[in-house]
Amino acid sequence: MRRTGPLKLCLIGGIVMIIQFFIPHKFSKNFFDGIVSWLIVSAIPALVIGYYSISHLHLNKIKRKKEGFGYSIVTLSSIVIMAFIGFMWGIEENSLFMKIYQHIQMTMQATMFSLLGFYMASAAFRSFKARTPEATLLLVVALVVMFGRVPIGESVFVKLRLPNLIEWILMYPNMAAQRGIGLGVGLGMMATSLKIMLGIERGWLGGTGK
Amino acid sequence: MSHDPWIWIAVFFTFCIFSFLYKDNPFYRFAEHLLIGVALGYQLPIFWKNVVGPKVILPLQNHEYWLIIPLCLGFLWLARLIPKYAWLSRWPMAFSLGTGAGIAIPLSLQASVFRQMQGTMLTKAMLSPSITPVIHIIGNIVMFVGVITTLIYFYFSVKHVGAVGKVARVGIWYIMLAFGATFGYTVMARVSLLIGRFQFLLHDWLGVID
Amino acid sequence: MNLLNKFMNMDRRWIYIITTICVIVPFIKPIGLPTYTTPPVKNLYDKVDNTPDGQAVLISLDFDASTLPELYPMAVTILKHCFEKNIKVIITSLYIQGVGIAQIALEDVKREFPDKKEGIDYTFLPFVIPQLSLVILGMGEDIHKTFPKDYYGTSIDSLPMMKEIRNFDQISVAISLAAGAVSRSWITYANQRYGASVAAGVTAVMAAENYPFLQTKQLIGMLGGLKGAAEYETLVEKKLNIKTRKAACIGMDAQSAVHIMMIVFIILGNIAYFVARRKK
């Protein structure tokens, strides 16, 4: 029951929703609407698990005074303080909550990812080599796109009377390969979904009892 | 130069993160942990105000008691935190996975497979010089060949030797071209992120640019 | 040769300094080269511009601050376009982190359009749940049921602009500004199930992958990275004659400089590689 019950629910839920898709009746539409509402509401409590996991991890670190436990105090206290500010003084425009979000969180997150720009520059000339004919093609196309997608390159291509060269590369040969890959991914997703529904793929049951 | 203290705070944290470029240091580690905490703390009031309030509390106040069923199902997620009863969390997961897969299968099949295959078919209009410019006719043929050869490259049930091997080889050239285009765009993306941060420093903080 | 070796083995921090210079100098001494418009951007512009009365444009900011410099200018410039043309806008986010960004974008644009009123000219829908496909499906069925209240806590039913707007039938185009594959969910659920017109504003990383959907018209238009945002800004300025700060266009000179630097680095790196290989 602990395993077969959920497996049956998964199968029945899947089959019912597939059948529903092919019935363009008002009843079917209302049923679909109801299921979507159920899914939304039933997903709400799941978020608690995420907060529990991160709190548990950092509290353990603090309890055992592991190396860098001070940073765990920073993380946990900032969760509490930020939430407290939001609940106490609101989340409206120009509130303290939004100021912290905009000037601390957004700033740090954007800066963190901007570091990739530097790493990209460093990696570009160290590891991007034309070792094989295939790698050479990749490199040449990358250089053409890099050059042609910025104003300075665009101006050159316009002068060469090839203003749409990059767009043509993207729209035809690039698109062909992306579509080939996408078709494979799409069919793979179908197969995985069917495997879950039919109970062939049971990884999601986890090791939580028999 | 800005007189807004919030801008100065943002600048401080920007440099905390940038300091990692020199080497790992306590300023960076502090900012990193603060970011995680603030980001998680930010979500709680938003979630309470925008999700729990209108989706749970308000309908219950309006006597929509049917909500209790999906809500109870949702609370079973939390059983995951108690090892003895963790198996109960399989029920909401089964409901979500089964119905989710049932909804997704026909739609994904249509959107990612059928529509894409349809787009690959060469119609009379796509090859007619009176309707389509020659450069696009060439493009359409290039696209058709590319999709077929890419798919053959990913077809591993047949050994890639002889004619199949040659066709697959054409497929790999297409794939390399697409990867080149993606790489060129990736460089562009990472550089843009960096530009954004410098724009903040030069415009919002120092005020030296428009 | 020795010089080339030295160059190849130079400390990464020197590269960081060169990169920084390449970014800063064009800001201080801008060249101001023009940005040319590509068909995917023009198609989206036209679709927004031709929004009929009684319909609205939906902008979903499905990203967090990690891709802010690329996607934020898109949100701002599309909002400006809509407000200038008196097109009704629904703004939302399927990412919880994106809600705050949507709020800031609205505040930013409202400074230039102070007469625009919540519930009459625009509606700000809140975040619902992380399962974004369900939110899209919910909107396809009934926006009022999926979002009983707007971001500010006002009942959706009481907003004048939302009286006529119930689902995607009254949305001229749903634009997903997305950092990940969220735009794919909009295609699968909004376009495929409900026949909604969907467009995407994506980070440059995702741009090349979306071309198959442009050809099949599953995406009616696309803005790819900072360049896409700059193209839209240029179109808005040219066609509507609006003079505002063009954050994306300002950044394009720096983008040119860093790209040239990278191309030079890659070429030099390859020369060094071939010289070393020949020696072996």
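Letters are used for the chains, namely A, B and C, taken in the order the chains are written, and counting of residues starts over at 1 for each.
What we mean here is this: a contact is a pair of C-beta atoms (placed from the backbone, for glycine too) under 8 Å apart; a residue touches a chain by one contact, two chains touch by 3 or more.
Values in this document were obtained by computation on a predicted structure and should not be read as measured data.
Engineer: Just say which it is for the chain contacts: an open line, a closed ring, a star, complete, or other.
Structural biologist: Looks like everything touches everything, fully connected.
Engineer: Compute the centre of every chain as the mean of its C-alpha atoms, then state which one is farthest from the centre of chain A.
Structural biologist: C
Engineer: When A-B is set beside B-C, which has more C-beta pairs in contact?
Structural biologist: Between A-B and B-C, the larger count of C-beta pairs in contact belongs to A-B.
Engineer: Quick check: how many Å separate the C-alpha centres of chain A and chain C?
Structural biologist: Going by mean C-alpha positions, chain A sits 16 Å from chain C.
Engineer: Measure off the straight-line distance from the CA centroid of chain A to the CA centroid of chain B, and report it in whole Å.
Structural biologist: That gives a centre separation of 4 Å.
Engineer: Could you work out how far the Cα centre of chain B sits from that of chain C, in whole Å?
Structural biologist: The mean C-alpha positions of chain B and chain C differ by 13 Å.
Engineer: For chain A, write out the residues touching at least two other chains, lowest number first.
Structural biologist: 37, 39-40, 43-44, 47, 101-102, 105, 107, 109-110, 112-114, 117-118, 120, 124, 139, 143, 146, 149-150, 170-171, 174-175, 178-179, 182
Engineer: What are the residues of chain C that contact at least two other chains?
Structural biologist: Within chain C, residues 16, 19, 66-69, 100, 128-129, 131, 137, 204, 207-209, 212, 215, 227, 255, 258-259, 262 contact more than one other chain.
Engineer: Among the residues of chain B, pick out those that touch two or more other chains and give their numbers.
Structural biologist: In chain B, residues 21, 39, 42, 46-47, 49, 51, 55, 96, 100, 103-104, 107-108, 112, 116, 119, 143, 178, 181, 185-188, 191-197 touch at least two other chains, as defined above.
Engineer: Going by the contact rule set out above, which residues of chain C touch chain B in the complex?
Structural biologist: 13, 16, 19-20, 23-24, 27-28, 66-70, 96-97, 99-100, 126-129, 131, 133, 137, 147-149, 151, 153, 184, 187-189, 191-193, 203-205, 207-209, 212, 215-216, 218, 224-227, 245, 247, 250-251, 254-255, 258-259, 262
Engineer: Help me check something: in the complex, which residues belonging to chain B touch chain A?
Structural biologist: By the definition above, chain B touches chain A via 6-7, 9-10, 13-14, 16-18, 20-21, 29-42, 44-49, 51-52, 55-56, 67, 69-71, 73-75, 77-78, 80-81, 83, 86-87, 89-109, 112-113, 116-117, 119-120, 135, 139-140, 142-147, 149-151, 153-154, 171-181, 183-188, 190-197, 200.
Engineer: Okay, in this complex, where on chain A does chain C touch?
Structural biologist: 29, 32-33, 36-37, 39-40, 43-44, 47, 92-93, 98, 101-102, 105-107, 109-110, 112-114, 117-118, 120-122, 124-126, 128-130, 139, 143, 146-147, 149-155, 158, 163, 167, 170-171, 174-175, 178-179, 182
Engineer: Okay, in this complex, where on chain B does chain C touch?
Structural biologist: Touching chain C: residues 21-22, 39, 42-43, 46-47, 49-51, 53-55, 58-59, 96, 100, 103-104, 107-108, 110-112, 115-116, 118-119, 143, 178, 181-182, 185-189, 191-199, 202, 208-210 of chain B.
Engineer: Report the residues of chain A in contact with chain B in the complex, numbered from low to high.
Structural biologist: For this pair, the touching residues of chain A are 2-3, 5-7, 9-18, 20-22, 35, 37-49, 51-52, 54, 68, 71-72, 74-83, 86-87, 91, 97, 99-105, 107-120, 124, 134-135, 137-146, 149-150, 168-187, 189-190, 193-194, 196-197, 204-206, 208-209.
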